[in-house]
Structure formats: C-alpha cells, structure tokens
Amino acid sequence: MVDPIYLIVIALATAFALGLFRKAPSLLPYGLTLAALAVMTVISGSWAYGILSGSLEGTDIFTAGFTPPVSINLYMGSLEAVLLLLVNLTALMTALVLRKEVKDTSVYMLMLLLVFVMGLNGVIMTRDLFNLFVFIEIVSIASAGLIALRSNLEQLGAGFKFVIAGALTSGFMLIGIIFTYYTTGSLNMDVIASQMSPALAATGYTGLFLIFIGMIMELKPFPVNGWGLDTYEASVPAVSALVAAGTTSAMFYAFLKTSYMSGGLFVQAAAVIGGMTFIGMNVLALQQDKSRRLLGYSSIAQIGLAVLAYALVALYRIENGEFIVFALILTHALAKALLFWLAGIVGKDSIHDWGVIKKKMILIAPFAVAVSALLGLPPFPSFFAKWDLVMGLAARGGMVWIILILSGSLLEAVYLMRWFGNAFKDSFNEEDTLDWRFGTVLPVFFNMTVLLALGYLSASQSSFSMGFNWILLGAVAVLMVLDFLPGIIKNLLLMGAIGYYGYGFVMAAESYRSVFAWIFALGALITLLPGFGVKGKRMGFYPSAALMFAGLIGLIEAVDFMGFFLSWEIMTLGSYFLILRGKDSKPHALSYMLFSLGGAYLLMTGFAMTYAGTGSIALGALVKAAIIPHSGIIFALLAVGFMTKMASAGLHIWLPGAHAEAETDVSPMVSGILLKAGVFGLLMTAISMGEQSIGPVSLPYVLSWVAVITALVANYMAAMQEDAKRLLAYSSIGQMGYALFGISLMSHLGWLSALVISIVHFIYKVTLFLAIGSVAKRTGTRNMYQMGGLITKMPFTFFSVLICIIALSGIPPLAGFSGKWIVYNAVLEKRWMLQGAVAGAAGIIAFLYLFRLIFAIFLGQLKDNHRKVKEAPFFLILPQALLLGLVMFFSFLPGSLLRPVGEILEEFTTAGALEWQGNMAISDYGYWNGVAVMWVFMALFAVFFLILTINGRRAQWIKQFNIVFAAERPARPETTHFSYNFFAPVRKALGFLEYPFTTNFWNRVSDFLHAVAGFCRRIYTGNGQTYLLQMVIFVVLSYMLTKGGF
Amino acid sequence: MVKKVFILLMIILTGLILWSFVPGYESRTALPEVSAHYVEKGPEELGAANIVTAVVVTYRGLDTLGEVTILFAASAVVGLLIHLNKNENKRRREGSEILRTGTALLFPLILLFGIYVFINGHLTPGGGFQGGAIIASAVVLQVLAYPNRKIGHGLLSVIESLSGFTYVLLGAAGVFLTVNGFLDNRILPLGEYGSLLSAGLIPVIYTLVGLKVGSELSSVVISLNGESEEEQL
Amino acid sequence: MAKMNYKKRWADLEKRIVVSPEGEEFEVDPMQDYFCDAKPRVHPPNKIAPLEKFANWCRAESIYILGFGTGCGAIEMRPLSSAMYDAYRFGVNWRATPRQATVFVIGGYASVKTMKRIVRSYEQMQGPKFVLGLCSCTINGGMYWDSYNTVNRLDHYIPVDVYITGCMPRPEALLDAIDQLKKRIKSGRAEGQNKYAENFEWYKANQKKIIKNWDMPDYSW
Amino acid sequence: MTGTIALITGILLVLIGLWGILTNRDIIRMIVGFSLFDVGIHIIMLSIGYVAGGTAPIIENLSDIGKSYVDPVPQALVLTAIVIGLGITAFMLTYAVNMYEKKGTLEIDKFEELKW
Amino acid sequence: MDGFSYNKILFAALTIFFTINYGLILQGIIGKIYARVGRRIGIRLFQPYFNIIRQWATRSAISHGVMYYLGPVFRFTGGAGILIFTPLILDAPLFNSFTYAGDVVLVSYFIFLGTLGMALGGGEAGHPYSAIAVTRGLAQTAAFEISLMLAIYSIAVQYNTISITEIIRAQQGGVLNWTLFTNPIATAAAMLAFLGSMMRSPFDVVLAPQEIPVGPPTEYQSQFLAMLMTNRTIFPVAKTVLYVNLFFGGVALYDSYLLTFVVFFLKTFFVYLWSVFVGVSFPRFRVDQSIRFFIKWPLLIGVIAVVAANIRY
C-alpha cells in the first residue's frame, strides 16, 4: 500500500512544480493538477477501502526516521481514510468545475488548490499539535487566496474578514499550544492524551481552553461567524463547495482530535455551543434569500449539529457514536458540495431566480437528493445518524437535546424546502442560461450517487436493526432510472409492481393492518389508472408516486419503530414531490412538508421515549409503553404526530391548499389514501397503548374534542369554499375528524367506525376527487360559480358525484350510513354525547357543502363556454366506475364490510361488539338492517317513479332559460346561476367560525421567527472589526462560563 | 467612547484569561523529555551543532515543510491578486542618489551574507529562513532605490519552484531509502561533526529553503511594487 | 336608429362566439340553445268521461289564482282574501308562480308592455288553465279604448273564460265570476288551453302585431 | 524571573495588539496591531522555552552535551510562527493594497458589501 | 323486530294510504284553525283533497331534466320511508311494517333523503330561487338538528336504547311515564327543534311565498308538484309521529281500535298544533336570525338535557 505521506508529497511537489509552467498553455498545469488530485484520490480511496474492508489496519506514519514524540507523526485510520477520500474527491471534482477559471488565474489558482488540499490532508492526518496549527494556517491562507479568485470587491472584503478572523483565532490557538507545551512538555497529542489527568487539566486549563476555543472558532460557531458567511457567499461556488465539504470536515476532525486530547474537558461547552449554532443559524437563515449565503448558514448549522452530536455522544456515552457523528459530517459534506456546485451551474444568487434550473429538469433530482439528505430524510446516512442519536439520547435522559435537535431540523426544513419549492415552481427567464458543462455536471451527479449509495450502506451501520424492505426503494430507483420512458409504460410498470408485490403484501398483512393494506394497495392501483390518460413522459411523477406507495407499504410491513419511521418519512417525501407538481402548490407543498416533518419529529420523540422506557424498538413495545412512566406524554406525542397527517384542527392548514392544487390524479392519492396513514398510525397507538392520561387529563377525551371540533369547523369551512377541490379538501379534514373521533372513543365500536370511515372515505373521496378533477380539467376552472348545468354534459361524472355525496353524507341506503350508525352507538356506549352532538352537527353541515358541490357544478345554469364540454376521459371514469361498484356492493351488503372488520377488532376488545342476526346488526342500544333499508328504498323508489312516469309521460322537456322569471326571461346563465357566496345567511350567523385562528396562529409563529431572524442577523454587520470584537467577547464569555469565573 | 471602554474591558478580561497562566509559571530548570532528547542525542543522531536547526529541519521537518508551503501560498496569493488586478502603474519617485549608490554597493554583499547564513544554518544561529529573508531584504533595497524598474518573476519563480520541488523530492527520498524516513537528513552521510558539509541533508535543505524563501519574499515584494511579465531580473 | 337601440338592448339574445375551455371557438345562439322552441300541444280531455268529470269538479273547487296584478283591477283581488270576503272558503287560493296556478285574473287594462308579460305568464301556466278578464278594459279597452298602448280586446291575445264588466267591478263581482268559472269548468267547456294551442298561429300573430320587441321564442315554456 | 518578565511582556504585547486591532478602523493600523499581537505571542513562546541559566542550544563540540541549554523546541516553533506571521502579514497587505485600489479607502467599516 | 314477510308490503302500502288521508284531513283542520285565528271561515275540511286531486289531474307538464324528474321521487321515497320505518302504533303489525330495518338514527338520517331529492330536483330546474331556498333550508336544518340530536341522546341514555319501539314501550303505563314528564328538558329542546323542522312561521323563510315563490319547488308543477304535495301530507305526520313516539308516550294498541285511533289523532294533532300555535303567534325570522336562535336557547337546553341525563342515568 502506498505510504500516505505521498498524499502530501504529491500535492506539494505538483504545487511547487507548477511554477515552472507559468508560461505554458493552461491545459498543461491544469492536467497536472487533475492528475495529482486523481492520484491522491486513488491513494486515499485505496486506504479507505482497505481499512473498511479489513484488509488493512490503521497505521502510524513516522517522519524523519524517528518515532514520536521525538518527531512528528501522522496517523491513517478508518476515519482519516474516509475523510481523506472525501476531501480529495471533492477537490478533484472542484478542480473539474473550476476549469473555466484556470485561464484567468494563471497557475496561481491551481497552486493554491493543491496547497489547500495538502493542508486539509495534513490537518486530518497529523497527530502533532503544532503541526496541526501549521496545517490549519496553510488551509486558511490557501482558502483566503481561493476566496478572492475573481478579486471583486465582495470577495476582497470577505477574504480580508476571513484572514483577520483566522489570524485572531490562530493567535489564541498558538498561545494555547505553547501553554499546553509548558504544562505537558510535549506537543504530541497522543502523549498529551495519555498524560491527561484532572490535576493536569486544572493546571493546564488555560492552554487547553485556548486550543479548544480556537478550534471551535475555526468551525464558525454562532454568533461569531459573520466572516464565515461572507466567505461562503462571496467565493466562487466551487470554492465554497470545497470549503463547505473539505475544510469543515477536516476542521471538525481536528476539533475531535484536540477534544480527545484534552480528555473531553470541554464537552459540555461544545454541546452548548454546537446546539446554539445549530438553532441560531437555522433561525437566522429564515430571512435569507441569497442562495449561497443560505447555504453558508446551513453549512454552519450542520457543523453545529455535528459538534453537538459529538458532544452528546461523549456526554451521554451513546453507542455507535462514531457512526452518528461521521454520518452527519459525510452527508453534510457531500450534500453541501453538491448544492454549491449546483449554485455554480445555476449562476443565480437569489433563491427566487432559481427557477432557471428547470431548463434541465434532471437537475431537480440531485437538488432534491441533497436537500433531503441535509434534512436527514431517509434513505440518507443523516437519517440513520439522527435516529441513533435521538434514540440514544432518549435512552439516557437527554430529552432537552432531542427537542433542540429536532426543532433545529424543522427550522432547517423551512428554508431549504422553501428554496427547493421556489426552484421547482418559479418561472424563469428564457434567456438565462445554465453553466451546463461536463465538468460542472459530473460532480453533481457523482455526489448524488454517492449519497444514495451511502444511504444504503449506512442502514447497516446503524445500531438498530431495521424492518424495512429495501426492494421497495429499489423499485423506486428503477423507475427513477427509467424515467425517460413514456408515461404509459412507466405506469404499467408501477402498477405491475404494486400489483405483484401488493398481492402478497395484502395477504400477509394481519389484523387491522390488512384493512389499511387493502386501502393502500387497491388505492394505488385505482389511482394510478388515470395516469394512462396522460400523454407524454410525465417526468418525475412515477418515481414520486412509487416513493409514496413504497412508504405506505413499508408502513404496514414495519415491525419496529425504525422501519415505521423510515417508511413514514419516505411516504412524506414522495407525497411532497407529488403535491409540489400541482399548479400553484408552492406554498402549500411547503407547509405540507413542514407540518409533516414536525409531526414526524414528534413521532420520533415518542418512539424514542418508548425505546427509553421499554428498551425495545419493536412496534410491540408500544403495548409495554402503556405502563411505563410518561406513557401519557408518549401517547400525546404520537397522537399529535399522527394527527398532523390527519390534518386535525390546528394542524390542518397545509391540507386544503395541498390537496386542492395537486394534479387531478394526485389529489385522490394524497386525500383518499395518504390520509389513512395517519389513521393507521393513530389506531395502532390507541390499540397498543389504550387509554392514557397526562395528570388528570384523559388524552382520548381531549382527542375527542379536537376531533369533533375539527369535523365541525372543517365542514363549515368546506361549505364556504368557492373552489371545488378546496371544498373536497376541507371535507377530507372533516372526515378525518370523524375517524379521529372514532379512535378517541377507545372502544370496539369506536375503532370499528374509524376503520369503516377510513374505508368508505377512501372510496368516495377518491371518486369525488377524480370526478371533480375531471370537471375542473374539462372546464378549466375550479371555481364552482363558474360552472353549472354540467349534468347534461358529464352525466356519468354527475352520477358518481351523486352517489358519493349520498354515501359521504351518510344518508341511509348507501354505505356511508354504517359509519354514522356505529358512531352513534359508540358515543352512547362511552356517553360522550356532547362530542357526539357536535359530530352530528358537523354531519349535517356536511349536507351544506355537498349540496353546494353538486348543485353549483352540475345543476343550475349551463354556461356559454361549457356548451361543448365533453364527458370525462375514459381513464378518469374507469376508476370511478370501479369504486362506485364497490360502494354499491357495500351498500347492498353492509355486513360484508362490517363483519370482517368487526372480527378483526374483536382480537383487541369485544365489549360492545356488534351482534349479527342475518343481515341485522344489533348493538347494545339499537339495531340496523342495511339490506332491508336498501330494498325498501328501492321498492318505494321504483313504485313512485312508475306512478310519476305513467302519469307524466306527456311532459315537455324544456331548456335552461324556460323558467319563471317574474314574467321576464333570464339574460345570461352567469347572472342566473346562483352559486357565489352560496351560504351567505350561514356566514352571517356563523361567520365567526371562519376566523382563521389556526392560520393566524401559525402565521404569527412564522412571523415571529422571521422577525427574530431579521433582528438577530443584524449582528452580522459586515464590519470585520466588529466580528473580531465579537470573537473576543465570545472567548471571554466562553471562558467565564466554562470555568465559572477567572 | 462607550465602545472603547467596552473594548478595554474585554481586553482586560482577555488579559485575565492569559494571566491565569502566569501564577503557575516559573522558568524551567530542566528540559522536558523530548527536548532533553534533542539536546542530548541530537548531535549524535543528526550531526547538527545547532540543535534548533536539527529540530526545525529534521525532527519537526514536517512543520518546516508546511512553513515553506505557507510562504509559498502567500506568495501565490499575492501573485494571484496582483495578476488579477493588473492596472497601469503610477510612476513613483526614484530613490535618492545615496540610496542608489548604497544599493549598488550593498546588494551583492547582502546577497552573499544571506547565502552564508543559510549555508551555515546547521552550525551557527541562522538558517534558510533567516538567510532567505536577508536575501529578500536586498531586493527590497533594490525596489526602494529603483521603484520604477519593473522586475519580472520569471527567474524568481523558477528558482522558487525548483527549490521547492527539490525539497519535497529530497524529503520523499527518505521514504524510499529508509524506514519512515520522510525528511530524514541521514540519507546523506553525517560527515564530520561541526564542519560545513556535515549533518547530512540539513545544509542542502536549508540551502533550498533559503533560495525558496528568498525568491518568494522577493517576488512578494516585487509583486506589491507592481508586476511586469516582460522584464527579467 | 330605433333598430340599433333594439339590437343593443337585446344583445343577450344575439348569437355570439364563445371560446371553450379547450380553446375551441364556437357559436352560441341563445334563442336555440337556451329556450325550448316547441309549439304548444293540444291536451284532449280524459277519454273516460266520469274521471274527467270528477277531475273537472276538483279543478273547479280548487282555484289557484296567479298572484299577478296586471292593472288597476288587481286591487279588487286583495279583499277576497280578507275576512270579509274570505274566498278561501270557495276553494280559492293564490300562488306566486304561474307554474302552480290554474287561474289567471287579468286585473284591468292590459298595456302593451304588460301584455307581453301576461302572455308569457299565461304560457308558463300548466293546463287546464283559465282566464278571468276583470274590468271593462279587458273587454273593449274601456276608458282607454283609444289609447296608443292599451289592448282593446283581451281575447284576441289569450283565450278568456269569463269577463267581468265594471270599472271597477266590486269584489263580489269577482266572486261571482269565479262562481261562473266553476260552472263553466264543471260543464267541461273551459278548454281555453286547447283553444290557444289550436289557434296558436292566430293568437301569436295578434300578439306580435302589437308587441314589437318579441325577444323570445314564440311560446314561453 | 527572566522568563516571567518575558511572559508578562508577551501578554501585554498581545493585549496591546488586540487593542490596536479592535480600535483602529484603518486597515493598515489593524495590520500593525496584528503584528504586535504576533510578536507578543512569539515572546510568550520564547519565555516558555526559557530554562534558568541555560544557553542557546548550539553544541559546538560533542563534549558540550549535558550542559544546561534552553529548550530548543519553542525556538523552532517560534521560527515557524514568525514565518507564518510574516506570510499572513504579507498576505493582509496584499489584500489591503487591492482593497484600496478597488474602493479608494482603507477604513474597515466601508467594506460592508456583505452582511446579514 | 321480526323479519320480512310479503304481507308487510301490503301493510306498508296501507300505512301510506292511511297517512295520506290522515294528513289531508289534518291539513284541512289546520287550515281551518289558521282561518279562525284570522277571523275567517276558512277552507272546507276537504279542500286539500280537491287540491291534490286537481294537481294530479293536470294535463300538461314540463320537465327540466333527469334530476328534476327524479327529485319528487326521492322526496316521496324519503317521506314514505320514514313513515314505514317508524312505528305509528306500538305493536300493531299493520303500522309496524318495516320498523325492523332500523332505529331512531336510521329514521333521522332517512329524512335527509327527501331533503336531498328536493334540493337536487329544484336545483336542476335552474331557477335561482330554488337554490336560494335550499340553502336557507339546509342552513336552518343544520341549526335545529343539534338540539334535536342532544335531546335524542338524552333520552337514549335515559332509556338505554335507541330503538323507537323500545323507547315507546318504556313510556307505557301512565301519562307520567312519558318523556315529557320524565325528561322535560330533553322534550323542551326537541320541541323547539320541532318548530324548525315544520317550516312554519317563524321559521318559514325557506318558503317565503312571495320573495322566492314557494321555495325549492318554485319550478315544480303538474304531477311533479302533485307528488310533492302528497309527500307534504305524509311528511309532517311522520315527523309528528316520531316526536310523539319519542316524547309523548307513543301510541299503544288499545283494546278498542277506535280508542287507539283517537289517542293517535289527539297526540299527533296536539303536537302538530304546537307548531301551528307558535306559527300564528310569531312573525318570521330571517335565516341568520333563526340560526342564531337555534344555537342559543335550544342548544343550551339540549346540553343541559344531555348533562342531566348523563348524571341521572
């Protein structure tokens, strides 16, 4: 194996030799540089491979023919090898990207690049304190040079601030080193570490502290990092990439080395500083709309997280700490480099101009991957790292830190997702160009691939075994690769895959899981049908849909928290991309993502607490969690987490927009199917944990009120909408309120109602969204007052809407009634009549919006421009027809639905279960014979219809303006169709329900955070001297706080 | 004013931090283990009379390599910035007669002294850096005397590159020739203790360092004065 | 000039080009697309005589008057619902919509402007339907016989079952007329609806003679 | 005693340098402050290496081994540190020259193009 | 609660026939009462018969479309459905034809089938007044249903059942066993809701005869209207019977059929009369006013009823 010292030799020799090629054509020095970097990459790569595969062992590298401490030594271990590979690869890629700059900068840039990389290699490998200092200086000088690559005013200003800040930092560090040398008599870190004792720590405190604070300040802690932000912003993006990926990783590792050296003396301080940086930078980034500065904020925040993770691992003795810290660092480095390179390709600084990225749609993929990786979404290493960290913290009582980490992550999601949404949705100027070259594009895709691969690898590194089927994600990957195929073929593939996998999956699902398995699998197949009617490639749709369905399937298949949570996040991610595809969905997709992530983090906390309490991450541990301390809090966390997905009151504001703006066949997916994931999770929690309370407050009781208020207000809001799809979206919230109510009843009948509502809601909401979607598609609007009279143009669609609204409102002959009837009985059983009455009132308000829906669209006056509207396309009608068949089946034979579901629930509780006599269901209170009702209805209907037809066969069929209009005639359909502000009197009486409490609340939260960000970021005055002063203050304060005085 | 008082307060507090070291400090009476090794075994092991040089060039040779690199990087940055901002040069006032005459007189002497200092680095106080700095001071004198004379970088950069490259190669040669011998000076015979051609590679390396530092500092000075690609020194 | 104004005023009924959501342009002819242009049909009485007789008896005993006061005579209709006359006891009731009314009381003079509304409302009633001409004006124009815009003889325009003379007639006269109408219905002679349908061309021609801006299909369904 | 004096001098120089850095708005003066700061650090380093009664560690004859010498390591380090400081100073000056050429001023608070 | 047999079809038809006649006579009587309040003689007792036969005998008809055509059918199905799902007279097989199909929840939801039919039919007529009236009707329904629901919950807890038959049975054995006396608060809440459901003044702005002529069926005529009118005869009876059953002891089958019918008549009549009395005494509410009314007092009473029932039973 090649001696690692050659990494330094090659870089330096090449750098020195480049001076000879000053006059040569620029390609020659450039080629030399690339070659040197490539060789370095190969060397570090071979070491990384060798050590990780076990064929090599970590080695000391001695210099000058002596052994330490006499001479300086380096060390090549697994961590070093991996970091070196990362640094050298990033440098190689950056060199590729910088191809264009070579001409302007002569050989200087290449020299600096090589010196820079050499410095990073040295920082990573060296074991000598002073040597580390030298290498850090090399890095800082070389990077200060690279920052000024274009030598404009901004770069010069930023570079100068960087230099003076670096000088101050290194000054403190140097004093620290020499003090430490005085107390320990050695500069070798291993020697110092071996001597480290409390006594030594006390006498050498000042030195160790100065080293620590110097290293920390190299990592740009909040709030003394204005110079760092300037650097990220001003530099050429490729250089920023190298700084973000290379410098930070290397410096972080150096920080770790010094921290080990001092025996973890400052771990607590590191935790505080790291946490402060993570939160502070993420808050401050909220106000940022310059992409590179934003990335700077994000980079620093990520390093803060890594520092925090390291400190927590050390403080709480969390297992698998190395994996946690390095997964975070690696993910950050790869993703951040990718994003900076991407920023270079895009060439726009304002995040509002990033729409131009859509000129090459394929660039969205790496962008999405990088953002997801930074946010710690699966399947990226950071996900597993965060999981391990949170679980470890919970197990050892670090709840405060969990909250800090997760809220920071959520804040990070705000700005990253907003940025991504902007890029994906904003329009762009056709004249703008992308820097689309081999050299710029290769690195981006390379890092994307590495991130994906690392995700797979890191799953096995996590200390938690995981019940997740990677085949599912494999299928997604296949679809991603095959995205160039026509949409129809991809659709067939996806449906085939779901059909093939789904069969076994549904058969294998047990208990109440099977209900949801049916919904997910059948729902997937049915909602994919409309895809056949869409022409073109539909880039991105099928991978996203596949991702979502993979998540849903994984949810059912999960056997432990990790598998469950991973599936949950995958599902969220997939659905986010699906929702984002909608026309004006930008803000809604963002709030969807934020609420989902927030909910997911609550779930994570809940799972972590369960793990802490029971020591197991199997889903079955929830049963045990029912009796541990804090079980109420666990229940509350999980419930709120799942309720964000179900869009319960207060957590619902994402849903109307997200579902309304989504594409025609996406709305049914996210509304009819996806919402059931929340029901599933909550039902699982409720069944496993039973009734829980926090203090004297019974949680199911609280849930029940939340549920019925959700139902009431959502239904009222639905009635007040002008937009048909928004109406349906609010309706979904209301229906999920019923489901939540059913679950909160914590009884056989309650759960039965929740399951039944889930099933029938799936059926009719998918149908309704498809029907209304096809109307919107045909008429080109979603505003109901612009429609009207479409019954003659779209009769089938009308019919399916009619059946669905009857089912949804629970009017008896159709299947919807069963859910209502069960709820009544369950309410009586539990004696929660007040909630029951509110739910019932909500049910009646449902008539309001349902009538509005069908009237304003299909009845009333047909508009001029809709006179030639055609019936919905076949592939939108087909799924509706299938589902209507299902509705009718369940309506004729309600027992076919209720009996098996009831039997499933009898496994958990039999109290109050329905008794069946033939077709009659008998509860403790009442009885209901759905079959009889159906037949009576049919008979009466037929008889009366016959009477009318026999008597009225001479009726003249007339047209829309043949109405009695006070002896006048209508002028225009638009002025005759009563639809706008349909329920004005209701609004007059109950308008207070419309007051946007929730929206205002969340807006205020958002405004507050943004205001805080806007105010606090003023500390970054741009004045280098102020930054220096801040650093001095930081040092002083840190010293006071760590030592508790002077 | 308030700000200055505050700054003063902060500086005092910083002083307190540093002061916390002072009570525990007293001059050593004996050397730490490693230093003792250098002082006692150094002459035998490396054959250099100047222990500091032995430490700088061999024991802590990697630091020195880094140090050279820092100078190199600094000069590259200076070169880069000057290169990027080529602008028409203002004429500067010529040096006085005395200065010019003195320069003409002193320039070769200073160069010679510089060379002496780095060649004897392993025997007497001094060495590559010091020598290089002396050489550069000659160039400074030159620039002061003839500020409008444009001096090219060509030769300087060749010297700089070649000496640096050689230095690295010599260091790497140690890896080939001995075990773990990066920058080991003993790949050449140690020679007679105390003579010019002793201490193995140390004089060679110091020569290279001297050349390199001299040319680097010179080129920095020249760059700051305003670069010209045409004229050669 | 007059023609132009007319066109402007009824622009709603002119053919127009509209653009469908898919961007296709097509013509909308409101007269064709928004109105049914079928002619009225004759609805013969039930073949089974006793049934028809029974039905007629019920029709006579259940008089639903259209609450549409076309002229000054309408003032005489209101007292009928008061406690003094209490027409309810004779099976009389008022309806606000022609769809549900059976009897149209033309309350006095019918100006040309009102005539159009009268015809429309009459046509929108479902038969068998009956007309009472109240006041002399409906018979011969009364004191407005030479007015430029008052219809002189109502039954040139719609079939009238019973006329009531007087200017103004007393409410008792209206009650008497209702009584007469009942007799007429019971005897099966009140076939005004069929008469209108049979002589539709004649009626329509008469109507169009005085109503120039006939801006609807011939028959208002 | 000599060592302590040197140490305190070094510390004072560091503080004076800091004062210069933090209170002078002129970039050149700030650089001077940094030089002072550096020199202070160098003196501190030397004071650390001082051994009471020791001489410079130049052993002209092998027989002199065993005498009292001052610690050669800080001296080596200080040499390196000086060179690094020199590099950085040169570097800052270059920046200063360029900044002056770009903006026509050397006041640090005029270079606030990037903030927040 | 026995199952299906074919004679039940006959029973159901007879029930409907009986109710139509009863309803027509009731309408006549109510009309008479209305007239007397206005110091008029008023309609003849059998005037409703003439009206409905005349309407069925209309010769011409027009139709606005399929839903317009089916609307009355839905409406009538809804009305007739409630009738045959509700026990008119306890334990009388003739009047209990299909009560085995469901309990009070079924009945109260089946009411909406008619509402929906009317709304859809009126909607397709394309007349703005229909739609306006439907919105008013739905809004008002939503308001008063809450207190009704609370009242039903209250008595469901009281009697521990939601089967109408069982509720009637529990009230047998004397006047004091009626819900009216055992649970007066629930009865009060329900009877206030009853006012809303009867579409009489002060809650009749839905129909607003001159403003939006006759409300939802403004375009209805001929046999379509006839079917609606037929429904209107049975629908109030069905609703009244439901209230009688739930709150006034229902109607038991006495030894004498005459007595049974007299009791049936008296109870339904007086319950019906409650809405009439209120109707002739109070002017009309606007919709928003009636919503505010219903979510104020009846709701409060209903909540008290539920809480009280929860405590007591």
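A, B, C, D and E are the chain letters, set down in written order, and residue numbers restart from 1 in every chain.
By our rule, a contact is a pair of C-beta atoms (placed from the backbone, for glycine too) under 8 Å apart; a residue touches a chain by one contact, two chains touch by 3 or more.
Only a predicted model underlies this, so the values are computations on that prediction, with no experimental measurement involved.
Novice: Could you work out how many touching-chain steps separate chain B from chain E at minimum?
Specialist: 2
Novice: Which neighbours does chain D have in common with chain E?
Specialist: Both chain D and chain E are touched by A, going by the contact rule given at the top.
Novice: Along the graph of touching chains, what's the shortest path length in steps from chain C to chain D?
Specialist: Steps on the shortest route: 2.
Novice: Return the chain whose centre of C-alpha atoms lies at maximal distance from the corresponding centre of chain C.
Specialist: When every chain centre is compared against chain C, the largest gap points to B.
Novice: Tell me which has more C-beta contacts between its two chains, C-E or A-E.
Specialist: When A-E is set beside C-E, the one with more contacts is A-E.
Novice: What's the distance between the Cα centroids of chain A and chain C, rounded to whole Å?
Specialist: Roughly 69 Å, centre to centre.
Novice: Could you give the separation in Å between the centres of chain B and chain C, each centre being the mean of its C-alpha atoms?
Specialist: 117
Novice: At what distance in angstrom does the C-alpha mean of chain B lie from that of chain A?
Specialist: Spacing between the chain centres: roughly 54 Å.
Novice: How many angstrom lie between the centres of chain A and chain D, each centre taken as the mean Cα position?
Specialist: 49
Novice: Taking each residue of chain D in turn, which ones touch at least two of the other chains?
Specialist: 14, 18, 22, 73, 77, 80, 84, 87-88, 91, 95, 98, 102
Novice: Touching two or more other chains, which residues of chain E qualify?
Specialist: 59-62, 213, 218-219, 222
Novice: Please set out, as single numbers or ranges, the residues of chain A touching at least two other chains.
Specialist: Residues 130, 134, 137, 141, 144, 148, 151, 175, 179, 181-182, 187, 954, 956-958, 960-962, 964, 1029, 1032 of chain A each touch two or more of the other chains.
Novice: For this structure, give each pair of chains that are touching.
Specialist: A-B, A-C, A-D, A-E, B-D, C-E
Novice: Could you pull out which chain C residues touch chain E in their complex?
Specialist: Residue positions touching the partner: 41, 43, 45, 54-55, 58-59, 61-62, 64, 67, 83, 86, 88-89, 91, 93, 95-97, 99-100, 102, 126-128, 193, 221.
Novice: Please name which positions on chain C make contact with chain A in the complex.
Specialist: Residues 12, 16, 18-22, 24, 26, 28, 30, 33-36, 38, 41, 43, 68, 97-99, 116-118, 120-121, 124, 215-216, 220-221 of chain C touch chain A in their complex.
Novice: Going by the contact rule set out above, which residues of chain A touch chain C in the complex?
Specialist: My answer: residues 778-781, 864-869, 954, 956-962, 964, 967-973.
Novice: Along chain B, where are the residues that touch chain D in the complex?
Specialist: Of all residues in chain B, those touching chain D are 4, 7-8, 10-11, 14-15, 18-19, 21-22, 25-32, 34-35, 38-40, 42-44, 49-52, 54-56, 59-60, 63-64, 66-67, 70-71, 73-75, 77-78, 81-82, 85, 87, 123-125, 127, 129, 133, 193-194, 213, 217, 220, 223-224.
Novice: In their shared complex, at which residues does chain A touch chain E?
Specialist: 789, 791-792, 795, 802, 806, 809-813, 817, 820-821, 824-825, 827-828, 831, 833-834, 836-838, 840-841, 844-845, 847-848, 851-852, 854-855, 859-861, 918, 920, 925-929, 932-933, 936-937, 939-941, 944-945, 947-948, 951-952, 954-958, 960-965, 976-979, 982-986, 988-990
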